[in-house]
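Shared between the two complexes below is chain A, which has chain B as its partner in the first and chain C in the second.
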Partner chain A sequence: MTVEPLVLGALERTTETDVIIIGGGATGAGLARDCSRRGIKCVLFERGDLATGATGRNHGLLHSGARYAVTDRDSAKECIEENYILRKIARHCVDETDGLFITLPEDDLEYQKNFIKACQDAGIAAEALEPKDAKELEPSANPSLIGAVKVPDGVIDPFRLTVANMLDAVKHGAKCYTYHEVMAILKEGARVVGVRVLDKLSKEEYEVRAQVVVNASGIWGTLIGSLAGVDIKMFPTRGTLLIMGHRINQLVINRCRKPADADILVPGDTVCLIGTTSIPIKFSQLDTTRVSYQEVELLITEGAKLCPKLTTARKIRCYAGSRPLVADEADTTGRKTSRHLVLMDHEKRDGLSGFITITGGKLITYRLMAEKATDLICEKLKLKVPCDTATAVLPGSGESPDKILRKVAPLAPTVRAAIVSRHGDLAPLVESDTPSASSLVCECELVSVGEIKHAIESLAVHNLVDLRRRVRIGMGPCQGELCVGRATGLMTAAKLCTPDKAPGELASFLEERWKGIYPLNWGETIRESEFVMWLYQSICGLTRADSPNPAPPEHLEDEAPTESP
Partner chain B sequence: MNPLLSTNFDACTKCTICTEYCPVSQVRPAFAGPKQSGPDGERQRLKDAAFYSEALKYCTNCKRCEVACPSNVHIGDEIALARKKFAPYNLSPRDAILSHTDFMGSMATMAAPIVNFMANLAPTKFFLDKFLGIPSWRSFPRYANKTFRAWFSDNAPDQSVYKDTVTLFHGCFVNYNNPSLGKDALKLLNALGVGVRLLAGERCCGVPLIASGFFQDALDNATTNKASIEKALENTERIVIPSSTCTMTLRDEYPEVLQIDNSSWRDRIDLLPRYFYRLLEEGRELKFKPMEKVVAYHTACHMEKLGWTAYSIDLLRLIPGIKLILLPSLCCGIAGTYGFKKENSPTAQKIGEPLFDLIKGSGCSLVVSECETCKMQIEMCTGLPCENPVTILADALI
Partner chain C sequence: MRFDVVVMGGGLAGYTCAITLLDSGLSCALMSIGQSALHFSSGSMDFLNALPNGERVYKPEAALEKLKELAPEHPYSLMGAEKTKAMALEAERLLNNWGILVSGSFTEGNHLRLSPMGKLLPTWLSQKDVFWVKGDEKPLWEWKKVSIVTVKDFLDFSPEIISAQLNDLGLQTKISSFTLPDLEILRENPSEFRSVNIARVLDKKENRPLVLAELKKATDCDALILPACLGLNHPSFISELSKELGIPVRIVPTLAPSMVGARINNHLHREFLARGGVSMPKDVATAYTFKDPDAETLTIEKIFTANHGDIPIRPRHVILATGSFFSKGLYADMGKIKEAVFELDLLDYPDQREEWTKYDFFAPQPYAGFGVKVDENMRTFKKGKLVTNLKAAGLVLGGFNPVLQGCGAGVALVTALVAAQSVLAEE
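The block that comes next holds the complex of A and B.
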């Protein structure tokens, strides 16, 4: 069977459709998939690239729900159900690692008993391990642990997941427009009839009409709501994570206690991530997520309690995202938030028809959120089509890696393994049978020329940073030192960039990397960043003037944590 | 250090200078080079064993990558450790023959004249080439009629007359193939007023076993040697070794690759020229007769790793009349048993070519190297004799 090529980005403009989805995170992409599979015409508008908000800025944890079992059984149940669904429908995005909840001498071992009971009540397989067995299972875990529980946690790649959902949506007729910002919500009386979008690449604005507009823009949902004239109260809370240079742990390591800061260490692809913090921020700070040294220090200190090796292992970068925490509408004080998915029918809530908001929730519940929202859309469009997203596998997840491996035959077996791990059963679409196609662009993450060409041609890549989200270039320890120059060349060859704009493209990629490096720029990290600077600035002559944002960055001062708005 | 806690490969800044210095990468594109096979590959292998590449066996374990690395990453060790962890068990009889030097040596020396005669017969060579994969054009080291150990116990002069004593780790090559180098070492040490003992039980250091993937056998040898060395060091100050590779193995491969703790005695393992140098610094003397020869010094890869070429060079310069040429530090390609394997021999020859050309063009009549397999390779490929500096110093001794 040959693999059918899919092209993610839509070329033609759409002016009329059934449903407009605002936001290209996991939820938006999941919605596009669900709608299109149910035969509803839909278009998705994303102001940047796919998975740039909270979707791409979390642990990538395939929650078993154990973390919520004690405090929030409903969430826990949702998690474990979605967990097993995603293992089946998105297996090329999932790493079935399992997870440990460890009890340290300073923790209360009593909590473990409640925890196991709560997990069992929620339907989560939780197995208590002897400390000796736990240490054997996960040698990097703190050796002073006095108890451990094994749960079916796992890891999920949010970028790959979002792209796979969008590919399936496109396959079923949906249209995907990245770099399209919604400037206005069009209303006729008490009815939303469409949106006016700005194509940020051509700088042109145009109107698109639809029967239903869905606000799936995460924490930015408040702003979209205000464009429609409805008040959605949200509390942006920054969560910061720190990435280590290699995969230290093989299982997810959690603390068996009431959830707190920096108590989850997740092995993600070639790295591992410790997080998170939880700091309330202002809406004005949403698009300038900065990380402070204090947060980094907290992550290292607390993280080392899970896994002592974190103190010595190299840190490569940090990043922060904003949780889409929504005010609990039942709570009159307006300060309580919910971690549940929140579906708002603005017709019932605000008397504004044709407008829906889906927000809250977690990465792992994106599919369920999409299902609930699509059910409501169907109701509004008077359709009765059942949802099949829990059983239909995503593009890429159709076949087992062993079978796919036999269909791909590049020269180096490691390159082949990398392509299959990132593209699943779509791997045969990646050109890999010539020495030049299988030669490496990104050596840390084993990204070949063929894979970059595939991403450029079919995965809606507009710049180097988009390319990174598709194929992991520049996500390894050197943060773009070797690959970014080579990738710029390939982008230029593909006419996505011109030779005169290439230095700017290169500079903005390096600046984006630098944002995540500077708060932890010491030790091995500073040796690397100095080396990159030496290469690009001193040898290649790249200067700040080449950057599209030549103003000096404002990140050099730490901001104090702010009050919630 | 517990390898689970080691984050050594984290220090790699991806500068790629190791790959620039890798003799194999230059001539064999199938080998991804030290950076890709070592620190880069390690990150992938931690994720999934599917990222282990069989091409790691093309690494010669020359350690030039480690010398080149500005970040002190133990690249060669990492490659060896990855092979130890992931490579399928080596079932090749050829590799077993090539790497089990003690067994082969003790068998062969029992009937050395026959073995040496047979080994150079065309039918034998044909058989070795076709069925075992050892190229027929290679010359083999000759086996001695009597091992060095046997000679030492029967014929060595009384060593108890010397106040100071040192323990000689002779190595397999001296024992089975080249006992005269052991005798030369004895001659020089005695001339410096130092008596010699041998280890009660000496086994092959294990480097050929590591190279062919027989890690358990290497570990067994290392464990025996560790016990013998610790016993010997109760009565003698140092262990001295004529071979650069054995020295490097005992000092660095034991802790890094075999996880044998040698921290209490690592610094007491010395290469012979370095030990001689120490004694001369202390004020002892050696008197040399003139030697009117052009001699080219070749830095073996493991000498490069030890960083001790200066001792040998300074010592050789004590010989009056000697004209010493320092060759650029290049790999000769043989890398122990690597070049004896048919699938590797074209690579080995290609790696060595620039060095052979330099030697042939230098006008020297003798090459010097502390490495026994460099000796075999250089002698075969240049037609010139290649000797350990110990032999040259002993020859010049008055």
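The block that comes next holds the complex of A and C.
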């Protein structure tokens, strides 16, 4: 069977469609998939690259729902249902690791009893383990644990998931425009009729009309709401995560107590992540959030309680995202937030037709959010087509890995495994049968020239940072040292950037990289930092003048955060 | 084991010091744990390209006084302009004596080298076969049209990027590439296709005529530019090619590993062995004792190493040339910076980790200037006490930002020579 090529990225402009989706996170991509599969013409606008909002800045935990079982049974149920759906439809994005909820001597063992009961009530298989067995199952867990419960947590790769949804959407006729920012919502009377977008690459603005406009812009939903003149109250809260340079744990490790800071350690591919913090911020800080040195220290101290090895493990990067927490509209004090997905029909809520908001929820509930929103769109368009996204498998997840492995046989076994893990059954689209194509660009993550070419040609890559999201180049322990230099050359050869812009491309990548590294300035990380500084600033001679970006201020004005929800 | 001198660190500073001391008749052992900075360097040596305030330097000699005002702890400032100059000239003489043939001169001022990103950057010394051009800000080209010939599918060198930059600087360019049967074999291992490995193939005697034949196809120009992936084990290869082709051939450093840098390191190693130096590769000090730890000044008595178990080395002098963080001469934990072997006193650095780095990638990074504190004779201190027989040299020292100021190799060479002098003065 040959694999049908799928290409992301629409070159021609669209001026009219049925549905406009604002936001290219998991929710927006899921929505584009659901709409297009139901035969609805749709166009997605994302102001940056796919998965650059909360979707690309989260923990990647395929929640079993256990975390919410005690406090929020409805959320827990949603999670476990979607969890099992994603294992089926998105298997190349999921790692079925299972998770442990451990009780430490300072925690209350009573909580464990309630916890197991609450899990069972929500339909989550929760199995209490003897401490000895738990330690055998997950040797990296804190050996002083006094109790442990095994639950069906897992890991999900948000970048792969978003791209797979978008690929399926495009296959069914959707159009995807990255680097397109919605600047205005067009209204005629009490009806939304389209949007005005800015193409950030060509710097041109144009209008696009549609019957329904969907606001799927996560925490930015408030801002899109205000463009349309509706008030959507949200509470931006920053969560920070820290990545370790190797995979310490095989199972997700959680703390069995009320959710708190730094109490989840999630393994992922070749690394693992500890998180998160939770700090209320202002909307004006959304795009400038920086990880503080204090947050990094807190993550390490708290994280070491789950897994003592964390203290000495090499830290490779930290980053922060903002949760789309929506005010609970049923609560009169206006201070409570909802963990649930929030679907707003602005016609009913605000008397503004043709406009829908879908936000809140979690990464793992993206499909359900898309389903609910598409149901509402169908109602508005007077269509009756059932949703099939819970059963239709995503591109990449069709065939089993061992079958696909055979199709990319010419590559070295490790490289083959890496490509199949990233592209699933689309891996045969990656050229692999010539020595030039199988030459390695990134040795940490085993990325070949062929894979980079594939991403550049078919996966809507516009720069080195996009490339990082598509093929994990520069995501491994070295965070992109030599491989980015090589990739710059390849992008130039592929005419994705003109040779005179290449130093600027590289400079931008290095600046982006540094944002995740500057607070980790000790141990191995400072060595690597020094090397990168030598290599690109001294040997290659890049300076601020090469960068297309202005110098960032050294300190942000310490804005007082908004009242906490 | 008794040696007059034990050198820790086999980089530019360590070898320079060791070879000089061997030449003065002292016995010398050199320990090194890993590849030095040279293996990743441009292969050109910088002396001083800019002052701490960012002002560009064309003639280092003329800038030393101003440097002293702006950076009193800079090794050049410690030893003073006169001595710095004398040592710079001595370094030029020694390198050429040792057979590391370099162009450029301290008295004439900086010239320009070509970077892997196609930028012309100031530097002090470049190896003879490396692409360089006279000029301070603007290059004074002797050529109009150059051919850039690369190895097919070699990823650590982008002829397109270099060509675009050279065009901007007024040179016409032409790009071509070649491959050889042996390279096709090398390529079968996907991670082997790097400069140093390619050089091992191209340098082979039987491949030289093939290389020549390939390059002949691109000689309709004033000069040939190649990525630095030939001439590693056969350093005169490039000049021979020049002769046979009848036009200048120059190499340009690639992304790491750096063949041009590795070549210098290999050369220094051979010179060291040729003078009877004792090499202790992959060995590292694990413990040491002071003669009288309570005395006013400290003197190292014994050094125990990983490979020699409980047999100590009893050196009369120790040279610390272990490099910076990258080479593990310095070490940072979450609260402190340490000199890795002896925990020597460092120049003051901020207590707050926040102040070690800047948020702006392109801003001068404070940690680049951290390092060991020395006096004008490169003598070191521990807990405020002089360590009488321990001198430090090279990037392990503090007080300068070698990236911003472009002074890495200059400091390594000059401080190594001063450290050697100070050992000899005590002998």
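Rule of thumb we're sticking to: the second predicted complex is superposed on the first by the 550 of 565 C-alpha atoms of A that agree within 3 Å, B and C clash if a C-alpha of one lies under 4 Å from a C-alpha of the other, contacts with A are read in each partner's own complex, and residues count from 1 in each chain.
Operating definition for what follows: a residue touches a chain if its C-beta (ideal position, glycine included) is under 8 Å from a C-beta of that chain, and two chains touch if they have at least 3 such contacts.
Computed from a predicted structure; not experimentally measured.
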Superposition-derived comparison: chain B or chain C, residues of chain A touched: C
Partner chain(s) touched by A:W522 [first = chain B, second = chain C, both, neither]: second
Chain B versus chain C as contact partner of A:F531, first or second or both or neither: both
Touching partner for A:L510 - first (chain B), second (chain C), both, neither: second
Partner chain(s) touched by A:E443 [first = chain B, second = chain C, both, neither]: both
Partner chain in contact with A:D269 - chain B first, chain C second, else both or neither: first
Partner chain in contact with A:A412 - chain B first, chain C second, else both or neither: both
First (chain B), second (chain C), both or neither touched by A:S547: second
Which superposed partner A:P477 touches (first chain B, second chain C, both, neither): first
Shared chain A surface residues [contacts with chain B and with chain C]: 412, 440, 443, 482, 527, 531
Touching residues on chain A, where the partner in the complex is chain B: 139-140, 245-247, 267, 269-270, 309, 312-314, 401, 412-414, 417-418, 421, 440, 443-444, 446, 476-478, 481-482, 524, 527-528, 531
Of chain C, residues touching chain A in the complex: 37, 40-42, 46, 115-119, 121, 152-153, 155-158, 160-161, 163-165, 168, 184, 187-188, 190-191, 193, 253, 255-256, 258, 324-326, 328, 332-334, 353-354, 356-363, 365, 367-368, 402-403, 406, 408
Chain B residues touching chain A - in the complex, by the definition given at the top: 4-5, 7, 9-16, 32, 35-36, 40-44, 46-48, 50-51, 53-55, 71
List of chain A residues in touch with chain C within their complex: 290, 293, 297, 412, 415, 435-436, 438-441, 443, 448-449, 482, 485-486, 488-490, 492-493, 498-500, 502-503, 506-507, 510-511, 513-515, 518-519, 521-523, 526-527, 529-531, 533-535, 537-544, 547, 551-555
